[in-house]
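Across the two complexes that follow, chain A remains constant while its partner is chain B and subsequently chain C.
Showing the complex of A and B:
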């Protein structure tokens, strides 16, 4: 991948938490890049480190317990110059100018992601004022109304003065998107943006994001546990398990030909219309992040576990443009 | 908004009527009346009092009348600020006694309230934003000490330390000797401030400690909310995130608490006022209850209830300004 076309490149990221019982390795050696205008989907169960990956990119890992222990997060500006975000303090000016301006984020819970005591308009204006040169109050307001209109909120000139509790869940998520996109970010991190919404609203929000992505030629990092949604939005998918990437490939081949037994398990455990089979859940549960096994983390749940999986952690193998962290794809096994 | 306040005040009237009956009923509950305790006091001093004089006094104070007559005698003058007469203060009107003490009561109570909030909230914010740091533990320990020391104890310690360690003149009262009866002047005001800080610190310590704990707990809750992450993700400075987005959402409980605390500051200061010889209503209500001076005791209790209602109303109004989800309809 040529660096000029790259928006963000995360290399060997380790994000740890100090707890009373020891160090929890929430993100454990994650690497990925996102190109301009593309969408990377990150899938995994709760606690697999997908949200912490996004929080690391924003440099918003909960302090003082959480910290980035190792790795690089290279952000490429419009002009091609790059900076390593891990080198900056979370409250430094450089970081604050990137947050909201270059990289914006929307969250899982639209019901609680807007501050209840300020109007929706004030909260959008706050972001615009931070990053853009609008001199007058009227201009700022105008821009906020434009953004609300853009995300499909009707009568935005009235809605702009309303408080979050006067908005429905779907409308709040639209307002969040309006706020996130108000400064034309080049990368949008969407952390389970539709999980809390009902299915019809979910479809609308995804369509909206898709359309806005095309309008603004923006990259998206889309985090979800819903494989159905990923299939619709992502160009490339990264499957995470216990803070590590177990499989990474383009969306089409992931669905057509999943490689890692965990990915296969995920695909089998979701309902598909027209397929009249019992769902097959993945047996067992995620190992404790404090006491990870010596070998493969998925060993105890894996239907195709081998002797070597118990004792040695698999490296990443490249199989036809896909990356798989599984001993099954060792040359000898092929 | 204006309508809302008016409505709340109108609703207070029946509430106060009910409360006045209740208070009067409770004051009548202990056996005997003022004269019984008066006679007991006089005879304990070795003097005797003739039955004739007792009957005379009984008639003068109207103590032999039925309860409803006594109650009516008390309430009928309320709108003219006539709350009957006090027995132990030689038939002086209750209002004249209250008028003399309520100013200083409000001054001390108000200063204490301000002290608790001005000191407690910033420390609470510091503790929450520096959770588990040395500073947080320091204030936590100090807060618990403040919560557990009885007021009068703290008053005695302060007076002792002030007198024997720093050689300050008497720290009791609100004025130095030469100003007690002097007319108001700048010098007298400064003298007042020099004395005022002791009751304020003494009365405010435990309250400040609760403000610190409450603020810390609430702010920690708020800091975990999603909208705080949203604010940070916008690129706001950490200080703006905390003071603009978090603190305002953490104030609810403190505001309600401050409103409910108003009446407590009058009766709560009783022991401290006796120890520090402060001219507040605390000792007045104490002696009135002890000697069954019913009109005086009832009126002070009624004032406390009024303060509670007013405190709640103020808290509700302030809450409405802080949180737009609260509406006045």
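Showing the complex of A and C:
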């Protein structure tokens, strides 16, 4: 795993929340790594821990209730040296240098994640000023205009002085991307970047991200609930359920031959144009994270549940380069 | 198609929102959210309505129900053979007619009163319309409705926050069904739901339609969802209907360049496909200052001189019979979405 091509390696990550009713295990033993220039897709339904995984990587888990209980987040610098982000305080100098410069993030809601009382230009300049050495104001402004042009905003020299409310939804997301990329990060975390956008705008944004990834040889962690988007952008996909990874494989095998019953269910419950079949939804709903079943978390919704699933939690099995957390893939069943 | 009974007929419907400026709130301009729209819905069918945000699809839905007062035009509802123009009816008579037309909203969180129990939420339309002899009788109806949408009747004394998004949407559906409506306007009913739950709700809506003979106007922006549920589909752009076609025809043989662009920008979701999604350039123009001529001319790859001068009418094409508002409806060879999968 410690190959020089690796940008980030997360190992057995546990992120917990203390609540009045007990400990919520939002992220429960997640491991993955992303190579340079590759895109890892994280898919799952609301509450599966996909956003908390990304917040943990940024060391931005809401305090004081949330904390990283266990695990390592190894970040590899350009020169190959590595650093475990869990060892640092969220407001330490090291963490601040990493955020923005090394790892940047874009969020789902471009309206709420931009500050309405500052111009778009000022917000981009703020990010650059914090992380990089630019001496003069003119130089900073020039750089902000460059960034806006790079993300395809027309007339950036005028747009730089406008406020977020003067931007359309798609343009706001472009501005967010400009801000995130202004310091040339090596890893971009995109948390549902297109969920709030129309299909036409979504297509534009994804095209833009794809092109910027190639230009900057950047790695992307792409979080979404939309399997259609994942199929288009990701090299590798990780499917999460109740804070755990239930399946991890390269995108092609996942679509061709999904292994975990949950992944199969997700693919079947998605309307695909021209398929003309009745949808087969996954029955029931996601269990409460405070009251997880004893065995497999997916047991009560699984169409292929067996006796053992009720009592024992499945380990991760390796099946032809894929990792599946399901008893169906233990040796005896094959 | 002409043999079927039309449940709702809309003629030249307009909804303009004034833009006011200055101390005296002088009206300086209008946003034409719904601009001269005519269509009909057959009894028992699902008519899909798609378009980007801000194209006026939700405003259209609300104007039909008279939740927003139309600026001009007629909304004729067929009340057991008697045609009534909803835009002219007021007061009690309108309230009675509203029994027949109900609405399901997008956001299952804000569309339910958080301080009412589920029983009270679903019973409210019954109380308003004075249906059911007494409280007990209404409670019985509520129980039945909840079972019908796949909830347990013992859950009726709980409050909305105790339910998941999908369950809340089921409550919203139960409330819409309470008055035995004929037509339900579904405004993005599954957009806020997770994929697995979205499929449950879509199947529920389809089953209820079969069982109760409902008619749906299904507003959505997800073209996959719309294809799944609709018999016919209407595409809207900047307050205008640009295409109306049978669901299959629309995807196989789009007639309007905007429809083609929408279909091309769907995520393909198949890592084996060598086709790429194609993004439509530019953004939707400001609805307060739409372009002259065809409203799509600023983004249309096929636009010519005439598109900048004359606004095309919504008329049938010779080939497929779809209604298309484009000057070149019979000349353009547009790409079928089926070739992309």
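Assume the second predicted complex is superposed on the first by the 332 of 334 C-alpha atoms of A that agree within 3 Å, B and C clash if a C-alpha of one lies under 4 Å from a C-alpha of the other, contacts with A are read in each partner's own complex, and residues count from 1 in each chain.
Following the convention adopted for this analysis, a contact is a pair of C-beta atoms (placed from the backbone, for glycine too) under 8 Å apart; a residue touches a chain by one contact, two chains touch by 3 or more.
Quantities reported herein were computed from a predicted structural model and do not represent experimental measurements.
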item	value
Fit or clash - chain C, chain B, common chain A	fit
Chain B versus chain C as contact partner of A:67, first or second or both or neither	neither
Contacts of A:163 with chain B and chain C, given as first, second, both or neither	first
Partner chain in contact with A:104 - chain B first, chain C second, else both or neither	first
Residue contacts on chain A - larger count, chain B or chain C	C
Chain B versus chain C as contact partner of A:280, first or second or both or neither	second
Chain B, chain C and vertex chain A (Cα centres) - angle in steps of 10°	70
Which of chain B and chain C A:88 touches, first, second, both or neither	neither
Partner chain(s) touched by A:134 [first = chain B, second = chain C, both, neither]	neither
Touched partner set for A:204, first chain B, second chain C, both or neither	second
Shortest span in Å between Cα atoms of chain B and of chain C, once chain A is used as the common reference	6
Touching both chain C and chain B, counted on chain A across the two superposed complexes	none
Residues of chain C that touch chain A when the two form their complex	52-53, 164-167, 194-200, 202-203, 206, 221-225, 227-228, 251, 261-262, 264-272, 277-281, 283-284, 337-338, 341
Parts of chain B lying in touch with chain A, wherever the complex brings them together	225-227, 229-238, 245, 248-249, 322-325
Parts of chain A lying in touch with chain B, wherever the complex brings them together	58, 60, 90-91, 96-101, 104-105, 107-109, 112-119, 123, 126-127, 130-131, 163, 165, 176, 179-180
Residues of chain A defined as touching chain C within the complex	45-46, 168-171, 198-204, 206-207, 225-232, 251-252, 255-256, 265-266, 268-274, 278-283, 285-286
